[in-house]
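The two complexes that follow have chain A in common; it is paired with chain B in the first and with chain C in the second.
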Partner chain A sequence: MASFIIRRLIALIPVMCIVLVIVFSLVRLIPGDPAVTLLGPGAAQEQIDALRAQLDLDQPVILQFANYVFGLLQGDLGFSLKSGQPVTNEILMRLPATIELSVLAVIVAIIFGIPIGVLSAVRPNSIFDHITRVVSLIGVSMPAFLLALILQLIFATYLGWLPVSGRMSSFLTAETVTGFAILDGIITGNFAAAWSAVQHLVLPTAVLAAFLAATLGRFVRNTMLDVMGEDFIRTARAKGLRRSDVVLNHGLRNSLLPAITVIGLKFAEMLGGAILTETIFAWPGIGRYMFEAIKNRDYPVIQGTTLVFALIFVLTSIIVDLLYGVLDPRVRKRME
Partner chain B sequence: MRELLTFLRRNTLAVVGLVILVALIGLITIGPPVSPYAPTKLDILHKLEAPTFAHWLGTDAFGRDVLTRIMYGGRATLTIGVGVVAIAFVIGVFFGMLAGFAGGWLDSIIMRIVDAILAFPALVLAIALAAAFGPSLQNAMLAVAVTLAPQFARVARSQALSISVKPYVEAAISLGLPTHRILLRYIFVNGLGPLLVQSTLALGSAILQTASLGFLGLGAQPPLAEWGADVSANLQFVRSAAWVALAPGMAILLAVLSFNLIGDSLADWFNPRRRNELE
Partner chain C sequence: MNIWKGLAAAVVTVPLISAGTHAQAQDRSKTLVVAVPSDPVGLEPGGNKAEPVGSEIILNVFDTLVAWTSPEFKQLEGRLATSWTISADGKEFTFKLRDGVKFQDGTPFDAAAVKFSLERTKATNSYVKATFDLIKDIAVVSPTEVKITLSAAYPAFLSILAQPQSAIVSPAAVQKFGDRFAANPVGTGPFVFKGAQADTNVVLEANPDYFRGAPKLSKIIYRVIPDASTRRLELESGGVDIVQQQGQLSAIAAEDIEALKKNKDIKILETSSQIIRQLEFNNNKKDGPFANVKVRQAITYAIDYDGLLKGVFGGTAERVYGPLTTNSWAFNPKMKELAPKYDPALAKKLLAEAKVDPSSLDLKLYSFQGPLWGAVATFVQANLADIGVNATIQQTEFPALRALQTSGQFDVALDGRQPWYNDPDAHITIGYLSSLANTAMTFRMPEDKVLDDLVLKAQQTSDMDARKQLYFQVQEEIAKKVPGAYLFSPKLIVFQRANVEGLVVNSAPPLNEYWSVSKK
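Moving on, here comes the complex of A and B:
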């Protein structure tokens, strides 16, 4: 297993190098002189020179890249042009909000997506199958901002059951321990804050989870249908096993493995969706931070958040690979 | 043609997708010349009016007819979708076929770049690139195309790998045909099926992503009618006049859904295992 992890990490080096080049190039892709473009037409030469120095643009490109990578190795993502604060700190401050939202969305998506996929596959071409196929296709075709808008209108504006946006009621004061609002509320005994955090999480979680649940449902249905046609399923049936045994222990177990890959891959797409969702729900995570950076043309922040999103994605894919090894003895054998 | 009819007879969902698509295309081609309103003409006296007989989907904050905006916006949105996929197709297929056919170091380099682009969540990379290029429709299209191209490269590469060992390609090589002709005439033409399925599926993503960039203010700029930008522009009025933002949003949903319905059914049709179930 250890050798597999090492091999996997080594294979990652060239990919990560190109990822770094792409992120590094973002500022250099700005047409013309980035410093002039960012400061606008009326800027004085001293201001332009200062910004060029701050963005490291006054040195040869190779040296710029070396400085950038050297800084990254020390956890330095540069300074925000807007606030002047280190980007690393600002991202770390907002990361718990994004993690809280996306992890909960994954859990919700699994709870809904997998049973829907299984039930569809058990009775293919039934009414239930057709309905879930159409609903899940609508789920993957739905722009995140549209679903967010509809849910906000129904549950916040018309029914008034849930808050429209934000992470916690502004009337409450809560102590920050871990940065995860629900957990902090429970730890500090501030249950009103924890409950408020739960209420604020419902709508953004639903929006993020909808896409993943729909994708997962479709995928589990298709793999289950493939698996249910395999020889070992026929053998299991011929042995006289109960239908539920065949479906759950033989069919589902073998379909879940590829589903893990999809969860991993789609998790990253979901993070992309988090930019839209966090923006609409005024959720103070890194997605919204990136959106505000785009509005303010705060390039160090755009670079930093892009890199963090890529890192999360790459880490997820490694974890998926390892989980594969843990769950499937055949894969484990090949790894060793 | 017979194949197409059989496909449609056995794929109700594909027919539904096709009907939605034809209806949308009809709306955006026939609608604008028939509509009595102009998409950018202001009419402040009639702003944020609820749907009436005169304005079927109501009016927006500037008194512009929402349905007319949708019809013109659809022209932009669908053209953008097709344009983005065309750019992604050309870039991805060229490099993918080259990688699969040439093999060796060229294959390694191209595929590592593909892996690196795929290491970003697509929308994040599109947003970052569009932000760097500067907010405009062309830049947004290019940014989305860059994120979609790797998928085409992967499919094209695997097609090239499997086709380049076929006897007719070996014969072409031994006849001394130039590489570009072999790639175009034999490998590209014979690998087109899966690439077209990929294109249909990519159209949905292309529209969704460009609309998302438009929504974030990185795509089409006002006063141009484009569905994503129109949702975003009308967001602040959503509590008093829900239709202004919901209508263009629903149009995006329908367009993406139609392509996904068709692409999904085509993918099943091209998968021999699934096809047996359908037949």
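Moving on, here comes the complex of A and C:
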């Protein structure tokens, strides 16, 4: 197992190198000079040239790349062209907000998606199955911004139950320990802050989870139906096992393998979705940070956030492979 | 079925969340929440590059020597300076300073701090290099008197001194914080910087010792909300008190403004701006149809200016008659008569006189991105079609548009300028001086001794009345050359909750000072 992990981690290096080269050249291919973008339409050439020199953008690209790689080897992602702050710090500061939101969304999606899939498969073509099919279809096909707007209008503006946007009430002062707002509130004994953080999490989590829950529900239903038709299920039934045993221990366990792949892939996709969700809900995470950086042509930030997203993507796929080993003895054997 | 229980529990908990705390309600009546689209950049005079959010915060945390008198913004008044004199040659500015003012860190404000601040901005702020390089010397005459000597006469210098880049910083705080001064700005202003969270908020607290009297608010929270529809929902649900329509290039749709006008909890403040949007010709191009002034004139008569203001903007923009807006102190009233009026028949006649077949003019109409610019471009396109001129709209991202513009690879383009300081110089010199034609988004004027001399003379004349007369001449001279069709000036619009009082919106950026604002 350990050697498997080490092998996978070593394979990570060339992947990240390729991502780095692509991203470094790609951001420079987007038309538009960061100095021009940062200063806006009123600026004269003199002002733009001065800023270019200040940001080292007047250096040859090869030299910029060498400097960047050199810094990267020491864990330094460079400085944001817009704010002048170190990108590493800026990303670390925003990462907890994104992780909080996306991990919670995955959990919510699993809690809702898997049971729905199982129930639909146990009673295929029942009323419940039909209803969930329609709801899933809506969940999969509705764009995140529309769902967000509808939820904001109903739960925030009309009913007034939940806040429209943000991560915490601006009237509360909260200490930052870990960067995870709910956890920090509990650690510091500031329960008002923790509660406010929970309230602010509900809508963005729902938007982010909706797509995954819907996909997962349909996926689990279909694989479950296949699995439930297999010989070993018939054998299990013939042995006189309880129905719940057959469904959960034999059926679900064998349907979960492909479901985990879907969860892993969709989790990575969800980080992409977080860009939109974070922007709409004014959520201070790295998705929105990346979006702003692209608008501003903030090269070091685009590079840094892309590398982080790539890293999360690759690590997620390693974790998925490991989970396969946990769930399937045959795979575990092969890993060893 | 346990799953059903779980589902039921989840459904029950969601409404329970609504029973959340409504604490700190009393705090809210003295706290103003302002929605801004992005984090401020360069929260201190030495680094500020006219980015709107940061500029506004600077003017609430710091003070300048002089400031524009609200609500007209046509007259300068003393702020940290009580009075000033300008030498006959227009190069020496002597300021008498207010006595007894203290920075928020307790250190005294004096002439040495003025010298320190302006020299610091000159050394570190590349954005204002062109104007600050004019400063030859700053002499501390006494603790309450400072003399600034310029290398050339430049009357708009006072206007530059009212800008956030010229705000006076606490030398002791700069010493203490060094590179981190932008994260710990200290000035003399009505509000004290308390802290900022990236992509979340900036918090200011009242300065009880402010020299003009403590502000009525106890706290200002700037909330960073990037999405326009979220800002609107927050305003409607009371999550924020003020939403600004900042934007060089974008504005809220007219329908949205109409919808918000019907909401009695929300008040809309509209102020004329000094922003000018135009259809401009590539005036530097020696050949092609637009080298002929009659063709240029024809285009300016083809546009239905009032229709544009009504149809596209629903009254949220105003007519522009020439190179300056009507609210500028140097606006020449004669321009109202000289400006072209919508007359397609005359436009066709002018084209015929120029012996140009309208169908031979196949134009690429370049424009900025965004639905608003798209609507303007479509309107202009339809107007041109009415006189038989075909135009294809090409909306381009700003940096690419700028590259096209400065290299002169276009015939007509939609463009515009928001002056970054309150002086006609900000529109006229950069827009029309031929030596600057390729340096920015300008009208790309060809060399013309008469106009160039006039522009420079107007820029450098110290006597206000003489200067005004010169700008009158400049405007008439420019009108003769028909460098473009002046389309509209968008109003500055601020949405606020109805209980907010005392907000005055400045016609040139930065927009709002909150010292006089209170909540009912």
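Here is the rule we use: the second predicted complex is superposed on the first by the 291 of 336 C-alpha atoms of A that agree within 3 Å, B and C clash if a C-alpha of one lies under 4 Å from a C-alpha of the other, contacts with A are read in each partner's own complex, and residues count from 1 in each chain.
Convention: contacts are C-beta pairs under 8 Å (C-beta built on N, C-alpha and C of every residue); 3 or more make two chains touch, one makes a residue touch a chain.
Here the structure is a predicted model, which is why all the values come from computation and not from measurement.
By the touch criterion stated above, A:134 is placed in contact with chain B alone, chain C being left untouched. In the overlay built on the shared chain, the residue A:187 is in contact with neither chain B nor chain C.
Legend: residue contacts after superposition of the two complexes on their common chain; A:327 is shown touching neither chain B nor chain C. In the overlay built on the shared chain, the residue A:279 is in contact with chain B and with chain C.
Once chain A of one complex is fitted onto chain A of the other, the partner contacts of A:289 are limited to chain C, with no touch recorded for chain B. Contact with chain B, but none with chain C, is seen for A:27 once the two complexes are overlaid on the shared chain. By the touch criterion stated above, A:161 is placed in contact with chain C alone, chain B being left untouched.
Within the superposed three-chain model, A:153 lies in touch with chain B and with chain C [touch as defined at top].
In the superposition on chain A, A:82 makes contact with chain C only, while chain B stays out of contact range.
When the two complexes are superposed on chain A, the residues of chain A that touch both chain B and chain C are 31, 37, 149, 152-153, 157, 279, 291, 297.
Interface residues of chain B, counted against chain A in their complex, comprise 13, 112-113, 115-117, 119-125, 127-129, 131-134, 204, 208, 211-212, 215-218, 228, 231-232, 235, 238-239, 242, 245-246, 249-250, 252-253, 256-257, 260-261, 264, 273-274, 277. The touching residues of chain A, when paired with chain C in their complex, are 31-33, 36-47, 50-51, 54, 82-84, 90, 93-94, 111-112, 115, 118-119, 149, 152-153, 156-157, 159-167, 170-172, 192, 195-196, 198-199, 202, 279-282, 284, 288-289, 291-292, 297. Residues 3, 6-7, 10, 14-15, 17-18, 20-21, 23-24, 27-28, 31, 33, 38-39, 41, 47, 49-50, 126-127, 129-130, 182, 197-201, 221, 223-227, 229-230, 233-234, 236-237, 239, 248-249, 397-400, 402-403, 406, 415-420, 430, 436, 438-441 of chain C touch chain A in their complex. Of all the residues in chain A, the ones that touch chain B in their complex are 14-16, 18-19, 22-23, 26-27, 29-31, 37, 124, 133-134, 137-138, 140-146, 149-150, 152-153, 157, 222, 225-226, 229, 268-273, 275-276, 279, 290-291, 294-295, 297, 299, 302-303, 305-306, 309-310, 313-314.
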